[in-house]
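Below, subunit A partners subunit B and then partners subunit C, in two separate complexes.
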Partner chain A sequence: MVEQEGFRRYVAHIVLWIGIAIVAFPVYVAIVASTQDNALIANGQMSLLPGGHFFEVYYQTIFVGTSGSTREPVANMMLNSLVMALLIAVGKIAISIISAYGIVYFRFPFRMPIFWIIFITLMLPVEVRIYPTYKIVADLHMLDSYAGLALPLIASATATLLFRQFFMTVPDELLEASRIDGAGPFRFFWDTLLPLSRTNMAALFVILFILGWNQYLWPLLITTRDDMQTIQIGIRKMMTTNDALTEWPIVMATAVLAMLPPVFVVVAMQKLFVRGLVETEK
Partner chain B sequence: MANVTLRNVRKTYPGGFEAIKGVNVDVGDGQFCVLVGPSGCGKSTLLRMVAGLETVTGGEIDIGGRVVNQVEPADRDIAMVFQNYALYPHMSVFNNMAYGLRNRGMKEAEIKTRVGEAARVLELTSMLERKPRQLSGGQRQRVAMGRAIVRQPKVFLFDEPLSNLDAKLRIAMRVEIRKLQRRLSTTSIYVTHDQLEAMTLADILVVMNGGQVEQIGNPLAVYEKPATTFVASFIGAPPMNLMSIRADEIKSQLGSAGEAGILGIRPEDFVITDQTPSGGVALPLTVEAIERVGAETFIYGSRAQDEQRVAATPGELPPGEVIVRIPGSEAPPIGQKIRVAAVRAKLHLFSGDGRTRIEA
Partner chain C sequence: MQKQAIFQSKLLPYALVAPQLAIVLIFFYWPALQAVIQSFLLQDAFGLSTSFIWFENYTELLSDPAYFETIVRTFLFSFAIAASSLSVALLLAVMADKPMRGGAIYRTLLIWPYAVAPPVVGVLWVFMLHPSLGVLSRYLRAAGIEWNPLLDGNQAATLVILAAAWKQISYNFLFFLAGLAAIPKSVLEAAAIDGARPMRRFWTVTFPLLSPTIFFLLVVNIVYAFFDTFGIIDTMTRGGPGKSTETLVYKVYNDGLIGGNLGSSAAQSVILMVMVIVLTGIQFRFVERKVTY
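Entry: the complex of A and B
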């Protein structure tokens, strides 16, 4: 990009800073509020400077939970969310890469109809098919289980299409060379296609992990037990208290904690993603 | 060590397109066979059928006395070098070469020895840990060769392996491939569209056109006695001059009886002279263009219509255009009228449809 001269450059920077401030301020408030005393917040006297209750608030949030009757430590919620997000991300990648492999590399009857059926499911997100899905999961006795949380969200047309497009760019000669080298379909998949798909898998993992982590409607329906709660549901439940004050520092601490895994995944995987882009070539 | 025999091999695609229309080739043990032809002539398809990457819809492919029509590529005991090398991008050079051996359950120690030996021969020893993308085109080409060598197969198959290299490297690698093949004396089938590569590499040259074999033979024999006008114009650069000739001209000029046909004369067989060699042909030309390449010079001449001894030219040449090759860089100026002649022994006669050679 061409460097701007003098005044215009400062304008650009000022605009950027304003943008950052707007985006970052709520996050800052959440962090500050999570270190304050609840009484101060309830009185509307919250300071914009960090308070002195950081350790006690976070200790209570992570290991004890709110003082309400159905308390649940956030550590457990995070574990639930983590298991669900990982199952969804890993499951989606595994299922879709295998089905894309089948569609691209094998000739079998009804190959194209099957491809179109997968394609059509793009138009049917969870929200649309939520009643039948709930019915099936309930009939299979998977309510309040990790399987029930993750399985219905695993099938993914988007990821299947993505891998299909990628496989179609892999030169046919690689498959032919593998055949001559004595690698069967499984070996070719494992030894050649999977390593070549590494960058695609990393990118998908980032997107799908965050998608899974932020699931709200489905966990809300499927979990009734407090110990199966995900963190997104937990935050919501903490905020609605019938007779007591909402414990804002704990709610805010939970929100901050809920942000951490996605941030971690993005930061960690971005490195792999970029490195993969540089290293691999078709 | 094995013969490769193709018996009436055919390939018809499901749509009805006939890519290979009955090919018979016999490659002896340790021989280097080159399939050459223009693009779309079916040479690559034929090679891929030998490799087992395309199904055979008719005839038999026999490798070392075993019909392999139904045998998987991995079990045919062949190794193939692809045009784009098809190296595994995520594997090191060592692993690229070792992959096929590992899949066959060979012991790690034996793999090390074989890859080490191949790397030494191909001067890749210092690059064994690198990835393909860190190599130059020529080095990748050598890795692809190495992958074929370590297998110690009965047959090497090459699918235009040099066409992705620049001209200089191509010549160097061509010599390398020939030396390597001689030393290993492994039966090889090599596909190319480059007639120069074909001439220099082949023990047996197979010229293909439109899914059929036009001529099989020793490269020099093919060059000296092309069986059809297609072979005549495809082998040799610049191509042979072809002109149609009437029956009475054959009689009066060449002193032999025959039907109307096509006369072919290679550019290098002309000399600039005022005499007409007995039984030979002389052509008056007007010099149209000159190409000097140093050691030799090409003269593009046109035959004046009224002076025409032979009628309009078929084939690739524009009507009336004749290419003459003379040694050195001395050439007549453009526009000058010259007279070129060729002796009887250097004339090629073909039937009117160009499909048969007439030995006079």
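Entry: the complex of A and C
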């Protein structure tokens, strides 16, 4: 444009770096705190420079846990979070893609009512039906189980709508061509539609994995056994004790470990992440 | 919209939709229905007897000043979170929406907080601003502010709003970037040739053209503030001190779990459902309009 000279550019760079600093500061503090001595932090004398307890704190966090409140190694919590996130992501993609296939590529009685039944679930997050859902999961004896953690969160329509939209854009000629080659509904799905959906599935996977890993209220309600805790619940339990007894370096190390997988996914798969985010919000 | 080329089969399509239908019916419709039924019932403290009481749970709720306060508080939180997060994100997006060196790096460094879980956000902020040991509290105290969010309700609310807005910056930033990229450069150039300075160009051209994005983000941010702040509040303040940071969702959780008042909790759930449906309805209508543009 007319005035693209130096000054405005400097302003832009400066504003962006200030923004980045604000965004990064809380995490920087957490990382620094996770390498320091608890007594120093508890006295309010925490330094803003890294301390020397990195290996010791992370070893205890990952393999032992806090000595007071949870006594559960964070490695185990991370495993629970991982299983839950993968079940939610894979489960949702799997059931959604086949039901979208059924709705788009077949005509059958009650097709539209079924579509609407699924569609309406878009509107209500699990938070508003939390206790009745809890009761059903309890009646099905799924408390403290991976199935109980994942299934209620799979019950939503976003992925189905996304695949439906995508299937509508797949040219009819592809189906006709594979039919001439003698392909039935299974072959067409497996050999043609699935490979075409790969990018969509990957983008969706990235978003669902992050959402699954970050679940909080639901696991908080239905896990009672310590060894079924996810990492997000573990953090809260670590802070439950009286402030004076909180083992801050371990809490902060756990926070850092809880951030690591989803942040890594966002940074490493940025293109897929942005795509998934924009598409699931439509 | 329907496909012309389809398969013929009587049973296969039912088999394909069956898994999703089963999960949706068991884990979505059944509990939602239960919530509605429960909201018309009164259960005694031991769960031994229940009686049908029509709308009493609702009338009791709506005539309860504490509930009304919670509604107002939730909306105040929502607007404060949306306004602060949107304005910071817009500023950053406008700055990043220029062809400049390192643009991709800036984007990466600004979007990652999206991935930080709400409870972790709560822990990070409460630690930074903890009255006795927070690294920032020292400076606040040095500046003469009596900072104690554990006791002062307004300060606790500020803390929750700051933390929640912080997390949402990245999301808003991304959508603003997309919105800015969609504005035709020719329009801005025309305004520049007419002699409009950058500030004026922003307010008379960019901002109005961005208004669909802003509106969309406003709704998304309000929904976010309603639901996703649960984790932040639970690790930061647990709704306290007093009830100064108790939002609608937090109250549902509190009344059902700790208070054991399932009827009232269910009625609150139903009211929340209605609110969300209205918000989503607004969003959908808006999305439809955008498509016809």
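For the reader, a short list of remarks on this structure follows.
Heads up, the rule we're going with is that the second predicted complex is superposed on the first by the 257 of 282 C-alpha atoms of A that agree within 3 Å, B and C clash if a C-alpha of one lies under 4 Å from a C-alpha of the other, contacts with A are read in each partner's own complex, and residues count from 1 in each chain.
By definition in this document, a contact is a pair of C-beta atoms (placed from the backbone, for glycine too) under 8 Å apart; a residue touches a chain by one contact, two chains touch by 3 or more.
What you see is a predicted model, and the numbers here were worked out from it, not measured in a lab.
By the touch criterion defined above, A:Gly102 reaches subunit C but does not reach subunit B. When the shared chain is aligned, subunit B comes close enough to touch A:Arg187, but subunit C does not.
In the superposed model, A:Gln232 lies in contact with subunit C only, and not with subunit B. After overlaying the two complexes on the shared chain, residue contacts for A:Glu176 are found with subunit B and with subunit C alike. When both complexes are overlaid on chain A, the residue A:Tyr216 reaches subunit C alone and has no touch with subunit B. Of the two partners subunit B and subunit C, more residues of subunit A are touched by C.
In the superposition on the C-alpha atoms of chain A, the part of subunit A touched by subunit B in one complex and by subunit C in the other spans residues 176, 179, 281-282. Every residue of subunit C that touches subunit A in the complex is listed here, in rising order: 1, 3-7, 9-10, 12-17, 19-21, 23-35, 38, 88, 91-92, 95-96, 98, 100, 102, 106-121, 123-125, 127-128, 130, 132-135, 137-138, 166, 169-171, 174-175, 178, 188-189, 192-193, 197-198, 220, 227, 230-231, 234-235, 249, 252-253, 256-257, 262, 265-266, 269, 272-273, 276-277, 280, 287. Taken in their complex, subunit A has these residues touching subunit C: 1-3, 8-9, 11-13, 15-16, 19-20, 22-27, 29-30, 33, 41-44, 46, 48, 95-96, 98-99, 101-108, 111, 114, 117-118, 121-125, 127-133, 135-137, 151-152, 154-157, 160, 167-168, 172, 175-176, 179, 184-185, 188, 210, 213-214, 216-217, 220-221, 232, 235-236, 239, 243, 248, 251-252, 255, 258-259, 262-263, 265-267, 270, 273-274, 277-278, 281-282.
Within the complex formed with subunit B, the subunit A residues making contact are 171, 173-174, 176-177, 179-183, 187, 191-192, 195-196, 198, 279-282. Chain contact summary for the complex, subunit B toward subunit A: residues 51-53, 72-74, 78-80, 82-84, 86-90, 99-100, 103-104, 131, 133, 147.
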